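Below are two complexes that have chain A in common, paired first with chain B and then with chain C.
This part shows the complex of A and B:
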């Protein structure tokens, strides 16, 4: 197992470097002059030149990349061209609403998705199974920004049960979490259903039933525990989807999170903020998938004792 | 002596068999009908649309559905039905072009990686791994941040974003096909590497790629309309479904139809692509288990 984990850890290093090259390279392509944006519209040519030197923008691109990587590792991300506050501050203050949203959406997706999927598998071809499959098909195809607006229309504008914007309270979390989690819920439900159906056909399940084990124990202990591995993989991949989904969800519900920061910073050409925020979300995704791989090794004895 | 015609059912060609299999999949057929309708209506939008999609009519803003405007008018008095029809053109064009780019480049990269192996394989697939290491929609957003907004850049962003799955599938299938007798035979007859890859490998790995393309179209529609919704894609006043939603949300209390209609259109077409994709997978590639839809 250690070899497996060590291999995954080592592999993450070039992937992270590759992602950093992409993020750095992409944002180098932006037309317009970062020094000019920072200096403002009424700066003299000498001012702009001074800022360019100060930022190191007069050096070759690979020098700029290595320096940027060095600063990134020290969390020295420069200053926002718009607010002039340190980028670290801008990003750190946006992490809690996004983390809260992603965690709530994930919890909702896992809880409801598993319940739907497992129930559909034990009652295959029932009306409940058909409904769950239909809901999953719609959930996978749902434009979440539209779902968010529809939920807002029903529960905020129509029924006035829940607030439509902002972050901080539990009530403000419900609709965004439901919106963001819907697609993952559908995918987890599908995966849980198919993984369970496969396990439920196994001979040892028939044996368990034959020796008189109660239905609940058969399904949960003999069935679900053996279906968990493929489900865990899907859940891990969904986190990446949830992280990018925050961009849309936070825009719909006007939540002051990282996703919205990225969109706002693209509009205001705040390159340093976009670069750093995209890096933060990508690194989170890579780390989570790494954690899933390790968990996978722990859950699957075939890997654990290899 | 006349040779008896072969019984049609037992010796049906693989293509006919796949078609029959597809026709049995009710959801897929329904999806196909919806898609065919959406495509016809979008292509015919210039003739079908009752009004100019960007013509203003300030005397009749936010009109409810009526005989003159079957779906009402928007905040600038533009006919919603006309905008919906024209918007379908843009949405479908963007997604089709993006997936075509990804299909062609992904298939080419995957076949080369799988057939050549060695260093080409390592380099190509490691780059794909890095692209996959970034959350999909976020990568598209980052590409738009670099290139700027606009239809062409949305196509490029979604195209690049969708290459890795095609490359992976093409590589995997090529590894299997590479060892087939007909490939060995072609090589023994002196066929060049390119000829073998283009004439002998590619035609035999198309099925899984076509299935992937159909399912990717669904994802691409969501990405394209999502980008436009964020103001990073198609720009107003162009009638694109995501862009229509983006404007409509400001009028969510007064004129909910501005939000409901374009979103329902996105959902319907995405659902149709997914259902057709599922049906095609069952018909063309029965070995492959249900794919977890990953974005």
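This part shows the complex of A and C:
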């Protein structure tokens, strides 16, 4: 068990380094000049050069990378070229709304996805199954952007039930969470259905039914428990999808958050913010995957005692 | 540490999942949601005037925050003078102004009895502090270059301020009407320093309340405002980047005024009850900027032929859905001193003849660089141009790139990119600024300048220098006309059209204007 977790933790180090190289490298490859952005449009060439030296942009790329990594480890992320405020502040202030959105979307996806998947598997080939499978197929196929606008048209413009944009109230969270969570919900539903179907056909469940165990106990206690491991894998992977999905969802619904900060910063070529925000998302993704791995160990004795 | 058993973990997971499912189920009950919305909406919504546009402010310091989010800056700050919707300047914190000393001295009389939101009295020292703040190199003022002509700011008394400029400039009051010249509280500048942009204090009709990044900036009514009083208690600016979502908030009434609407929705919005949409001429033109220091674009006949080969009316009607105006001027129609000339007709046959006469009867190869998506329909317009040019034998390649790369190209040496054109839009609030930067040879081939076409006409240079030193406005007009006539003959750009501002307002809202610059200016806001 300990070895398993320690191994996973050790693996996270090269992954993080790899991510940092990619994030740093990509922003170096795209054209444009961070010093020019910071200096403003009316700056003289000398002003831009002074800022370039101040930021260390005149040094070789590998030196810039090592220095950036050093600052990153001390959480000294520099200042935003656009707002001139510490990047740590810019990012920290955007994490709560994004976390709120991702958590709500995940809660919806897990709750509805599991319910749909389990119902479809226990009523195979019924109208429930067909409906759930159809809903899952539609959920997977719909782009976030389009779904968000459609939900706005129905619930905000047509029915006037929910506000279309903004953040801060429960009502303002419903449409974005539904939009962001729909694809994950569909994937979780499909995974839950197939995992449950496989488990429900096992001999020990047939025996349980033959012994007169109630249907609820058969499905939830004996069936669902064994089906949960592949579902946890999918849920873990979906969190990564949800984090990347916040970029679009926050833009469509005009919500403050990390995703929108990244979009705005890319547009204005605010390199320090983009690099740090992408690193935060990557670290979150790695940590979530680590947590899923640890969870396996609890759920599956075969891993725990390996 | 207590070890969690598998069974416990599964139980807890199931219980939590059920709780979330219940909560989500409850969330789907319309009646509950309706009451939630009603509660959320009732918190001051009736008393709040909401304006939505697409851009998050980078700063609320007028010197720094010069992007398309001026609504909130205009709600909190006043300038010495301000633009009206007819493109004229009118008094604001200054009641009158005169020039003397051969145009080197501009004296403004200031409005007495005005106070900043923090209680600081407004006077000449505030104007002096504002200019010093803009010129301070530690302030990231985006338009500092425009203020470098100010050599001194004198404060002979509390209600008089005197600017000494070099060179003399007849358009100095227009500079003072710029959004970046709004007057800021000297006390707040001292208190907050470079963080003033997060704690803005002005004299405007609304006083800063809070800024939730990417969500809203709000300001409360300044009951002691010197200008027309408002009938609402709060002003809220809501940045919504997605244009379709801006349409939604206009329809639902979540916003009172929505700026920068997409042309594709205008027809549908016209038939919507409870709101009105407007298409008003903008101070912005769409054009292609040819690098013209070398053949083929060096030849005026080629540039004329390229203009003549495009059916601009069809583009306006078909792609822009009528939300653009034909452009028959090297200036910007609507600006004082801009003149219209004989339209260059759509005539592919004559275009072919002109190209043949210039030695390009067998066609030529051009490249059009563009950053797609900067305004609605930009790429389709350029593709249409490509098609029209193909019709007269001109082969063109459309190259899409990000804006930073585009500007690197457009500001590079025109000698190094013969046959290249850059798709850009240009916005100006006064004619001299526009003509100088687009057509004066001092400006068109300077490293780093965005519009480095290499165009130059010594006669045009002479006329522009002449009109810029004249302080009698009517006398400037014939010179401006002559300069523009010469430019129009040279056809240094591929003129596409003048843009329009597309915006909408809920019924019952009044007390504001949307300027040709696209800026929202409150002036006694009301919503009924």
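By our rule, the second predicted complex is superposed on the first by the 306 of 306 C-alpha atoms of A that agree within 3 Å, B and C clash if a C-alpha of one lies under 4 Å from a C-alpha of the other, contacts with A are read in each partner's own complex, and residues count from 1 in each chain.
FYI, a contact is a pair of C-beta atoms (placed from the backbone, for glycine too) under 8 Å apart; a residue touches a chain by one contact, two chains touch by 3 or more.
Keep in mind that this is a model prediction, so the values were computed, not measured.
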| item | value |
| --- | --- |
| Fit-or-clash call for chain B and chain C when the two complexes are aligned on chain A | clash |
| First, second, both or neither for A:153, with chain B first and chain C second | both |
| First, second, both or neither for A:298, with chain B first and chain C second | second |
| First, second, both or neither for A:263, with chain B first and chain C second | both |
| Touching partner for A:251 - first (chain B), second (chain C), both, neither | both |
| Partner chain(s) touched by A:128 [first = chain B, second = chain C, both, neither] | neither |
| First (chain B), second (chain C), both or neither touched by A:29 | first |
| First (chain B), second (chain C), both or neither touched by A:171 | second |
| First (chain B), second (chain C), both or neither touched by A:194 | first |
| Touched partner set for A:138, first chain B, second chain C, both or neither | first |
| Where chain A meets both chain C and chain B, residue numbers | 30-31, 149, 152-153, 157, 251-252, 263 |
| Chain A residues within the chain C interface of the complex | 30-33, 38-42, 45, 82-85, 90, 93-94, 107-108, 110-112, 114-115, 149, 152-153, 156-157, 159-172, 174, 220, 225, 228, 250-257, 260-261, 263-264, 268-269, 298-299, 301 |
| Contact set on chain A toward chain B in their complex | 14-16, 18-19, 22-23, 26-31, 137-138, 140-143, 145-146, 149-150, 152-153, 157, 183, 187, 190-191, 194, 233-234, 237, 240-241, 243-245, 247-248, 251-252, 262-263, 266-267, 274, 278, 281-282, 285-286, 289 |
| Contacting residues of chain C [partner chain A, same complex] | 4, 6, 9-10, 13-14, 17-18, 20-21, 23-24, 27, 30, 33-34, 36-37, 40-41, 56, 58-59, 140-146, 194, 197-198, 212-216, 238-242, 244-245, 248-249, 251-252, 254, 402, 404-405, 408, 447-448 |
| Sites on chain B touched by chain A in the complex | 27, 126-127, 129-131, 133-139, 141-148, 218, 222, 225-226, 229-232, 242, 245, 249, 252-253, 256, 259-260, 262-264, 266-267, 270-271, 273-275, 289-290, 292-295 |
